[in-house]
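The structure under discussion is supplied below as structure tokens; questions concerning it will follow.
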Amino acid sequence: MMRASLAVLSVLIVALSCGWASAQDDPVPIETGLAPPDTIPDILPPAPATDLTAVDLVDNDDAGDKIELTWTLSPDDAGGMRDVTGYYLWRSESPDARGDTLALVVAGTSSFVDDTAVPGVPYYYAVTATDGTSLSGEAAFGPVSGRRDWFTVSRLAVLVLAAIFFALVLAFTRLAEKGAELFVRRIPGLNAIEEAVGRATEMGRPVLYVPGIGEIDNIMTIASLTILSHVAKITARYETPLIVPTARAVVMSAAEEVVKEAYAEAGKPDAYNPDNIRYLSDAQFAFAGAVNGIMLRERPAANLYLGAFWAESLLLAETGFEAGAIQVAGTAMVSQLPFFVTACDYTLLGEELYAASAYLSREPKLLGGLKGSDWMKIITIGLIVVGIIMNLAGADAFVEWFHTN
Amino acid sequence: MASVTEFFEKFLRIDRRWIFLAIAIAVVVPFFLPLGLPVVVTPPVQRLYDAVEELELGGPPLLLSIDYTPATSPELEPMSTAILRHVFRQDARVIVMTLHPAGYGMAESAILAAAEEEGAEYGEDFCFLGFQPGTSAVILGLGVNISNVFPEDAYGTPLTEIPMMEGIRNYDDIPLLISLAGWSASEAWVYYAHQPYGQRVGGGVTAVMATDLYPYLDSGQLVGLLGGMRGAAEYEELIGQHGSGVRGMDSQSVIHLIIIILIILGNLAYFMTRRQRKLAGEGT
Amino acid sequence: MRRRVPLTLCFIAGLFMAVQYFIPHHNVAAAYERLLLWLQTLLAFAFLLGTVSLIRVHYHKVRDRAPDRGFSIVMFVGLFLMIGLGFFHPSHHAPGSPFNRMFLYVQVPIEATMFSLLAFYIASAAFRAFRARTLEATLLLVAAAIVMLGRVPIGDMISARIPEATRWILEVPNLAAKRGIMIGVGLGMMATALKIMLGIERAWMGGGD
Amino acid sequence: MTLTFIWTTVGALLTLCVYSFLYKDNPFYKFAEHLVVGVSAGYYLVIYYFNFIDPNVVRPVFQLELGGEAVAFGGTEWWMALIPGLLGLLLYTRFFPKIAWVGRWPLGIYVGGYAGLGISPVMQARVIDQMQAASSPLAGVPDPFAAATNAALGFAIFVVLTYFLLVKRHIVARGIAMSIGAVVLSAVAGYGGYVVLSALSAQGVVSMTNILLVVGLLGTLAYFFFSMRHAGLLGGLARIGIIFLMVGFGASFGYTVMSRISLLIGRVSFLLTDWLHLI
């Protein structure tokens, strides 16, 4: 079964890659014939530029004074007689007269921004090629006027996707508030945490819970406190000591509240020991050193590191490993994950930390964000797949639509 | 067999200060006995170098944001030195600024050293705008008007009186921007300068952050990327003047090798002792 | 007054900043420019709050005769020395001034050295903690070993394939994984911003009423 | 010369104070630690004042001159600089418990403003542009041969690992026989992949890389999808995601080692070269 599906998969991949390869073949530009050497006396005016268009330019600070001109180069510019030296641009307020010279741009230029337009005034533009002695015929365009715009159309994709995403987040938050059952799968890391606490109980040794060194307004710290409440309920039930070292005074008082409440809820308010919730130091290394001291002296059997960690993650996980404790970690600091993954028995990766806290607390604001992000991921996957298929079919308009700036 | 296990068990419990000592020796020795290992240039560095190479003599300037702090300076200072040397050597111009208060001192010492060495002149070839707080607000503000954010340079001279700032209004007049940072500043430049204003952004970051930025490199949101001391060494190789980046590569090679050996030994010892314990039926 | 006003201000400032991204109109851009400067000013004042807190904490330690109050005095000496040199020394903070040298020869060495301590710990951790216990950890270690060799010149000398493999790891599996994380984290950031604007997430207000 | 030497010596001694922590925590380390807290706070305060508060708040409000003329900074009227300045001062009410709530007003503007600023650029940089890059073909590959072998090998490893992860969870438990099997399998698969790929054009290699990128991205996204149980197709994708995640973390690990060592090299270079002039 497995083998068959693998075979099918590889055939599919090869087929797809062939398709992709053919979709990628760029058209080879055809080499045009070279112009005759420039020895004939230049008496003829160059061929004119064509297809002049002028549009109101929308930039980030749109005062309605910018109009962007684009044109197709004269055939004698880089081809034909190769004698175009530049282009004259003209601006007039009436269709009948050529008006004033706006600018002279060098050969090879095919666009220009007129930033001296008066908003609301209709202008007529013209372009003529020159070889230094004579002017070509003109290409004209108009009327066009500058406007102070109220919307950047090129950013529509951002607006649409952001709106969909926010609608999802708010809808799920509302649903959760109304008490709807929103499914969140159980995070395997939670089992690992419970096992670790159980093991500590069996061995009659304490549990160490480090909520990171982030401030109280860090979402990782907030998520960690939710999980702390869950852990505290279990330790209260088994009357296993729970040590919580903190690096921020405010986090310490929040942790005190959380643990005390959990012990009361578990019906063991007397088992709560305020001396075990400790403020150690604000300084990163001093904090890590002090936690390591706790690990070596009080020999906790389970070390849980959940929250925001920086470089101290390595110092903690290494000492804990050496002390032989079961370790479970979880953080959304991507740069610290490698150390936790290698040195701990189980690690909650990135968003899993938030998911675990939403799963435990069932709090509407956490659930709403989580479910909204989940469905947005599905939309993203869908768009990527559609984008690839469109690309294979040679239609890049779909992907281009998302091209902003 | 038992004695082998015993040996490994003892070996595993070795005081870690012996390892510290080994590392200290490994980093010092190559300073006295340089190996002179060659440095091969990788594409992300080449692309940044090429982008700087495109700057024109006396043309629109490079905006170099020196956002690193003392804590990461050994990795990033070689980058700023190499880039500044490169810019001055091709007689291009550079505006230096910082988004971190500690970057002020780092930027100043880097730019003064490079300018003295290459004979660049303040106000003509380079200027130092100093520090402004607010990261995203600063980056966005520069897109509107530089002199709104920095009314004067670091030394109190109004921007209007600095010759090289003439005609430089916002990102439209800056062909390339490079941020050197050991924190999320490089990403902030992508969000707030590249996305809304289409500014070309290049980055130099600590090796810790480099791997996380590869998606921006692939999508073209970053022009090029220097990752850690190795990135600096490659840039030094490209400008043909070796500095502390290339010099550090010898020690770096030796220590990496030692660490890999340590990982292998550690795992070997671990599996040997574990198997022994298993045979003795002590644990799982 | 105590909760509604700040929440309303938060909503208005957030909404304006979010919406202006789509409105190029000159007048909106001007207001936006102004608000950016306001945010910067608030940030500068908020940053200096930290200094005041620092002074309070250490002042209490000295006043309460805490056992390690000597170190608090060291902190004060450093702080006031810098303030004195920065504000009152004739050359202020020009290059080569004592203020500048304090930065280059006191702050820089200590901060840089503190982080370099990790080089030792990472080596010891490599030996003592990094074990191929699970398939996941094994994959991680193998990829790490290849990258470590591939990013130093000695890797080239062992085999030219090593730097190539490193490049492949960085540009294919690493890129794919980091892109996935980037999208997920990005959505999380946006959801948090929305919740802050709408007052659903109000941890920033702290406790009390 | 001598003055510089004295300063360098100060820096070197402080460096050694910090390194003494490697032996154990001690008063020398604590001295350096507290000193740097004070010095850096003082440094930041001075820099903040002279770079921002002085030119943007103090001078506009008090109408002090700038470069010889009373210029409005960036068109700032004095009262326009006064309002944010006063709001900033309100932040300090937090030190007076009775009126601490006033401090939430400026905080509201600050927190809300920064939250609003981030939304669209983050959507664009982290979601839309990444999505677009993921669905667009890669640019040309410079060395098709090297790329072919790498891609083939990578693909083989990927297939083998997926097989073991999906079918046989515990590779270590099966012992050496299984490892040899895995090596042989990956070699065979690698060679097979290589033969297939060399039959294709260089573009085929690019496509293969592309497919790996897309599969990896979808896998990672699937791993972080919480609304369904990880079973069936989703479970398979998530398992693939884990492989990519672990290789990605491995790359970060290797780079992080490099980063920390660089800092050590920098400090040793300071001690040996700048201070002792030994090299």
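The chains carry the letters A, B, C and D, assigned in the order they are written, with residues numbered from 1 in each.
Quick note on the criterion: contacts are C-beta pairs under 8 Å (C-beta built on N, C-alpha and C of every residue); 3 or more make two chains touch, one makes a residue touch a chain.
The model shown is predicted, which means the values in this text are computed figures rather than measured ones.
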item	value
A-D compared against C-D, more contacting pairs	C-D
Chain at the geometric heart of the assembly (C-alpha centres)	D
Separation of chain B from chain D, taking each centre as the mean of its C-alpha atoms, in whole Å	12
Approximate Å spacing (C-alpha centroids) for the pair chain C, chain D	10
Distance from chain C to chain B - Cα centre to Cα centre, in angstrom	16
Junction residues of chain C - those touching two or more other chains	21-22, 29, 37, 39-40, 43-44, 47, 103-104, 107-112, 114-120, 122, 124, 126, 128, 130-133, 136-137, 140-141, 144-145, 148, 151-152, 167, 170, 174-175, 178-179, 181-185, 187, 190, 192, 194, 204
Overlap residues in chain B, where contacts from two or more other chains coincide	20, 23, 27, 71-74, 102, 105, 132-133, 137, 140, 144-145, 148, 195-196, 207-208, 211-212, 215, 218, 228, 230, 252, 255-256, 259
Shared interface positions of chain A, touching two or more other chains	60-61, 155, 158-159, 162, 165, 285, 334-335, 338-339, 341-342, 350-351, 377, 380, 404
Touch-based graph of the chains, sorted into line, ring, star, complete or other	complete
Residues of chain B defined as touching chain C within the complex	12, 16, 19-20, 22-24, 27, 37-40, 42, 69-74, 102, 105-106, 108-109, 112, 132-134, 137-138, 140-141, 144-145, 148, 155, 196, 207, 211-212, 214-215, 218, 228, 230, 249-250, 252-260, 262-263, 265-267, 270
Complex interface listing, chain A residues touching chain D	2, 6, 10, 13-14, 16-18, 20-21, 23-25, 155, 157-159, 161-162, 165, 183-185, 187, 283, 285-286, 289, 334-335, 337-339, 341-342, 349-352, 355, 359, 370-371, 374-375, 377-378, 380-381, 383-388, 390-391, 396, 399, 402-404
Touching residues (chain side chain C, partner chain B) in the complex	21, 29, 32-33, 36-37, 39-40, 43-44, 47, 94-95, 100, 103-104, 107-112, 114-116, 119-120, 122-124, 126-128, 130-132, 141, 145, 148-149, 151-157, 163, 167, 170-171, 174-175, 178-179, 181-182
Contact set on chain B toward chain A in their complex	143-144, 195-198, 208-209, 212
For the chain D and chain B complex, residues of the former touching the latter	22-23, 40, 43-44, 47-48, 51-52, 55-56, 66-67, 71, 73-75, 114, 117-118, 120-122, 124-125, 129-130, 132-133, 138, 142, 248, 251-252, 255-259, 261-269, 272-273, 278-279
